[in-house]
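Scrolling down, you'll hit the structures one after another.
Each of the next two complexes has subunit A plus one more chain, namely subunit B in the first and subunit C in the second.
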Partner chain A sequence: MSSRIWSIDLEKADELFNALAAGQRLYLPIEQAGQVQFKEYDPADSKQKVRLDALNTVRSAKDLFFPQSENMAAFKREGKKIEIIDNRERVSPFAIFGVRACDARSFEILDRVFLSEPVDVSYADRRENGTVITLACNEPEETCFCEAFGIDAAEPGGDISAWIADGKIWWQPITARGEALTEALADVLTNAEPDDEKLVMQKKQIREIIAQLPLHELSLESFQPERLKEIFDSPKWQELSEACIGCGTCTFVCPTCQCYDIRDYDTGNGVQRYRCWDSCMYSDFVMMAHGNPRTSQVERFRQRFMHKLVYYPANNEGVYSCVGCGRCLAKCPSSMNIVKVAKAIGGEANV
Partner chain B sequence: MQTNNRPVKEIAQEIFAENQAERILGWKRGEFFYDNSPAVFSAADELQEFVYDAFCGSNLSKFLVKEAAKEGRIAVLLKPCDRYSFNQLVKEHRIDKENVLPIEIDCDGMVDIDKVRALGIKGIKSISADGDQLTIETVYGQKNCSKEDVLLLKCQTCKDRTGGDRFALVREIEEMSSVERYEFWRSELSKCIRCNACRNVCPACTCEKCVFDNDKSGIANKANSDSFEESLYHMIRAFHVAGRCTDCGECSRVCPQGIPLHLINRKVIKDLNEFYGEYQAGADDSSVGPLTSYELDDVEPDIVMNRGGGR
Partner chain C sequence: MCECSCGHNGHEHIHEHKDALMPVIGVVTSIRIDTPDVKTFRVTAPEGGICFDYVPGQCAMLSVPGVGEAMFSITSSPTNKDYMEFSIKKCGTLTDWLHEIEPEQQLTIRGPYGNGFPVEADLKGQNLLFIAGGIGLAPLRSVINYCLNNRDSYGSIDIVYGARSSSDLVHIEELKTVWPELKDTNVHLTIDRPEEGWDGHVGFVPSYVKELDFSLDKTVLLCGPPIMIKFTLASLQEIGFDKTQVFTTMELKMKCGVGKCGRCNIGSKYVCKDGPVFRCDELDELPDEY
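Our next item is the complex of A and B:
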């Protein structure tokens, strides 16, 4: 990690954003009809409401690297010839500011899937072109449990880490890409001390708040790959799944859900092949020629949590496929979520 | 909360004690104080986790489509607004009434924790009520707000309480120019992530295979091709539930993007009331609705043109 650090007055945040947006597309947490999303920042649009105070965007930062839907190829038929047109989106460099520590960790989880052989070229292209600027969480919510995954909300990571403290945005490049971007901002950023008292205090304060949160002591230790069969067969899945309405809210707001479907759309004179997010909660998920291997909601429900807490860690050196962002806790129509599941199934005596 | 001066939990205990039903559909206490989940209780000792308080906004009627089809009688707790959905489902033969023991419970308005959060209140630990005043303990200190301000949308214009004009916002949108109206809905509907929560929670949406999930329908789609395409999905849904929607407000309650979906349904209800006379879907479980009956003096389709609009 670079020991160099910069700052800019919070009041001058616009100057920072405009300078960033001059060099590449910039995505910020921006309010749209009452909800905050990562949206492209337009320096000319004075009506945009940038919300650096919003903790979680409704959709996670994953969208910028793994969009909800994207074209893969188009097929056009003329006579006996079929023309294949590559109409995948070509990504130009972009930066995303305001990514929280949990979402920043989610990229590492997605990387293990999409950047393993065979590499997912669209995802890789976006990762190559995207600079992630994180922002420490001054006011974590009661639904936050990133700590359970060893995430430190006071050191949010990314290519560049940022903090808001003492009326300033503090800026620390972490990677070479972050260093390069910082050099282009020499005119707007001011040199600062990494051990400045105000910044050190802010980090301390964040950690103190995290230690007070209700899910502070959540433990996932009982979810071990060797207990796969035992957890899979737990009778608790039945009652836990009763509240599930089979919608895709949890999967679509989740920063680590990575499943997608590939579909062909009949355009009238050809085919547009696209891929889009899929949800294991949906009835046609993993539909095959013979039918669907999971015919009930309890099986679909179980799949989501087994994937996050057992299958993924079994294939990835024990890394869970959850970052504790708390979006599913806040958004599930039935208030059923991974924390309730972990507590009900995870307790040794309960399984 | 109480019903007939008795705690609802006591009523639930009595159901098991007197063998009135084999199962009870109610709410189970959550991880926090506000995240109660719908739950099926099968024995008296399971009722330890039973809860009925200001955070039981979910409408349990829809769960009966699945639960009432199972073996054994099931008791269901219905808030006054949920009763409409229950009646409508019985009317549509989606619930076997004989297998259900409906228990009507009182409600004095359900709190929307998202509205509390929208006031900028974070790190919520507990809420206590003194009349309309709520005191909220948070990680960041004590906060206050009025209960009326943080009620669920559906509770702010409750069918069974006085006050609250449920068509006020619909009229506001009607008054907009067509350009303003388009912009309003584009801004709202382009937030849609197509999670299907509105459809899956809707007591009027009980098709066994939704046309949007059916690969063979030709219109099955999991993704939008542009940021406004979702409007098609929501419009088709509104038309499909027209005349059957009881205005239970679950669609707006569950939308992760806070889209005021209930306004689309209310527009349809308002038009139906104007065209065919006042009608409340689910007010009873047997009458024929305005769109499923024919009268000689029914309005002609040209009413759409004749009444103006579309500025």
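Our next item is the complex of A and C:
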């Protein structure tokens, strides 16, 4: 990690954002209709409400790399002939500021899926052109459990790590891409000391808050790939899944959910093929012409948690496909979530 | 540099990788009616020949844009470089549509997907027992013809094939007149219920396999409806076969074909990427959810 560090007064955040937006598209946590989402920042729009204090955007930063829907191709059918039109556009460079440590880790989890052979070309293109600027979490919430995955919210990672402390934004490039972007900001950033007392204090404070959070002790140790069948066969799934209404909200707010659908829409002037997010919580997710291997919500519910806590780790050196962002805890309309599952199934397994 | 290990700079990148999700055009050159609900489609590249190289047991995504896209096993043997074949049962939106098309119709095709049967690694030099039910012959026919086209590399070949009725037997010409004439190759046909004019065996495949009481010096390739696979495997074990001698091929809903869309998993394995061919003892390691 680079030891060089910069800062800018929080009051002058606009100067930083304008300088960033001058070089590439810039996405920030922006409030719209009471909801904070990563939106493109427009320096000319004074009404845009940038919310650096918002802990989690409603949807995760995943959208910028794996969008909810994207056009893959178009087709023209004329008589017996078909024409394939590859109409995907390559993205131009962009930066995203305010990514939390949990979301930053989620990119590494998605990378293992989409950048393994055969590489997903759209995702790879966005990863190569996107600079991730993280922001440490000064006020982690009760739903946070990133610590269970070894994530340090005080050292948020990405291409550049940022902190808010002592009325300043602190800025530390981590990767070569982060260094390059920082060089272009020489006019707005001021050199600072990496071991500045105020910054050190802020990091310490973040860790102290996390140590007092209700999910501080959450352990996933018992979810081991070699116990796959035992966990799959747990009688607890039945009871746990009874709360699930199959709305799919957890999958849509999740930064690591990767499942997608490929679907054609006949526009009347050719067929457009889209890739869009899908949810294993839906009844038709695995339905085939001749049957459905997951006929009830018990199986669909189990699939989601088995994937995150057992199947994904089995294929990825034990890495869980969860980052503890807490969105599913906050958003599930029936208050069922991965923590309850981990406690019920994991607790049982520990006995 | 690119995040993957290809070594290219980002900007040229999108064209450097073959896009596994982007199809090419295939042309249906002829259509054979096999049974009341199965047709075999010959497909070539627009300039002729096969659309891509593959190994027996691999699959391809066929699509009529706007109608649907689905995974089908490639029925022809890769030793045939002139065309690919797909035996397709009419049972859903896309297959209904395909059953209505006429020759010269274009489709989109992408692949190949999956691991295929280990025709070189594990099957070479072995006596082979193929067991298929209904449309389950489609993926096995690719291997059968591959082995018969490389006849000296394989031992004896037995083919047990059953269907509901004599009119439901697919690839009947090869079953009746081509394969039985070849060296050290035996075909054992059965239908579920007695039928006028049928002088062959009557009964379900699992019980026929027991009656045939094969010697255990064979490697088995098994494909059919899930229930048939389950009971046939039990029959084989009753005769004395071990699960490690039996390969089968699976089918689940698929969208991407490359283990990323999250749809076709059985436990931690993706059928499209880690399968569709599994050795039966490998399936024991996985949850029973297929």
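Quick note on the criterion: the second predicted complex is superposed on the first by the 341 of 351 C-alpha atoms of A that agree within 3 Å, B and C clash if a C-alpha of one lies under 4 Å from a C-alpha of the other, contacts with A are read in each partner's own complex, and residues count from 1 in each chain.
Keep this in mind: a residue touches a chain if its C-beta (ideal position, glycine included) is under 8 Å from a C-beta of that chain, and two chains touch if they have at least 3 such contacts.
On a predicted model such as this, the values are computed, not experimentally measured, just so you know.
By the touch criterion defined above, A:D196 reaches neither subunit B nor subunit C. Look at A:D278: by the touch rule set out above, it reaches both subunit B and subunit C. In the superposed model, A:E242 makes contact with subunit B only, not with subunit C.
In the superposition on chain A, A:E179 makes contact with neither subunit B nor subunit C.
By the touch criterion defined above, A:E15 reaches neither subunit B nor subunit C. By the touch criterion stated above, A:P214 is placed in contact with subunit B alone, subunit C being left untouched. When the two structures are aligned on the shared chain, A:R90 is found in touch with subunit C, with no touch to subunit B. Touch criterion not met for A:E40: it reaches neither subunit B nor subunit C.
Once the two complexes are laid over each other on the shared chain, residue contacts for A:P140 go to subunit B alone; subunit C is not touched.
Comparing which residues of subunit A touch subunit B with which touch subunit C, the overlap comprises 261, 265-266, 278, 287. Taken in their complex, subunit C has these residues touching subunit A: 2-4, 6, 10, 13-14, 17-25, 63-69, 91-93, 95, 101-102, 104-108, 251-253, 255-256, 258, 260-265, 267-268, 285-287, 289-290.
Residue ranges on subunit B touching subunit A, taken from their complex, read 28, 30-32, 35-40, 58, 62-63, 114, 118, 120, 122-125, 139-140, 187-188, 190-191, 193-197, 199-201, 213, 215, 218, 221-225, 250, 253-254, 256-259. Interface of subunit A with subunit B (complex): residues 32-35, 37, 53, 55, 58-59, 68-69, 139-142, 209, 212-215, 239, 242-243, 245-249, 251-253, 261, 263, 265-266, 274, 276-279, 282-284, 287, 329-331, 333-337, 339-340, 343. Listing the residues of subunit A that touch subunit C in their complex gives 72-73, 75, 77, 80-82, 84, 86, 88, 90, 111, 113-122, 124-125, 127-129, 225, 228-229, 232-233, 258-262, 264-266, 271, 273, 275, 278, 280, 285-290, 293-294, 299, 303, 306-307, 310-312, 314-315.
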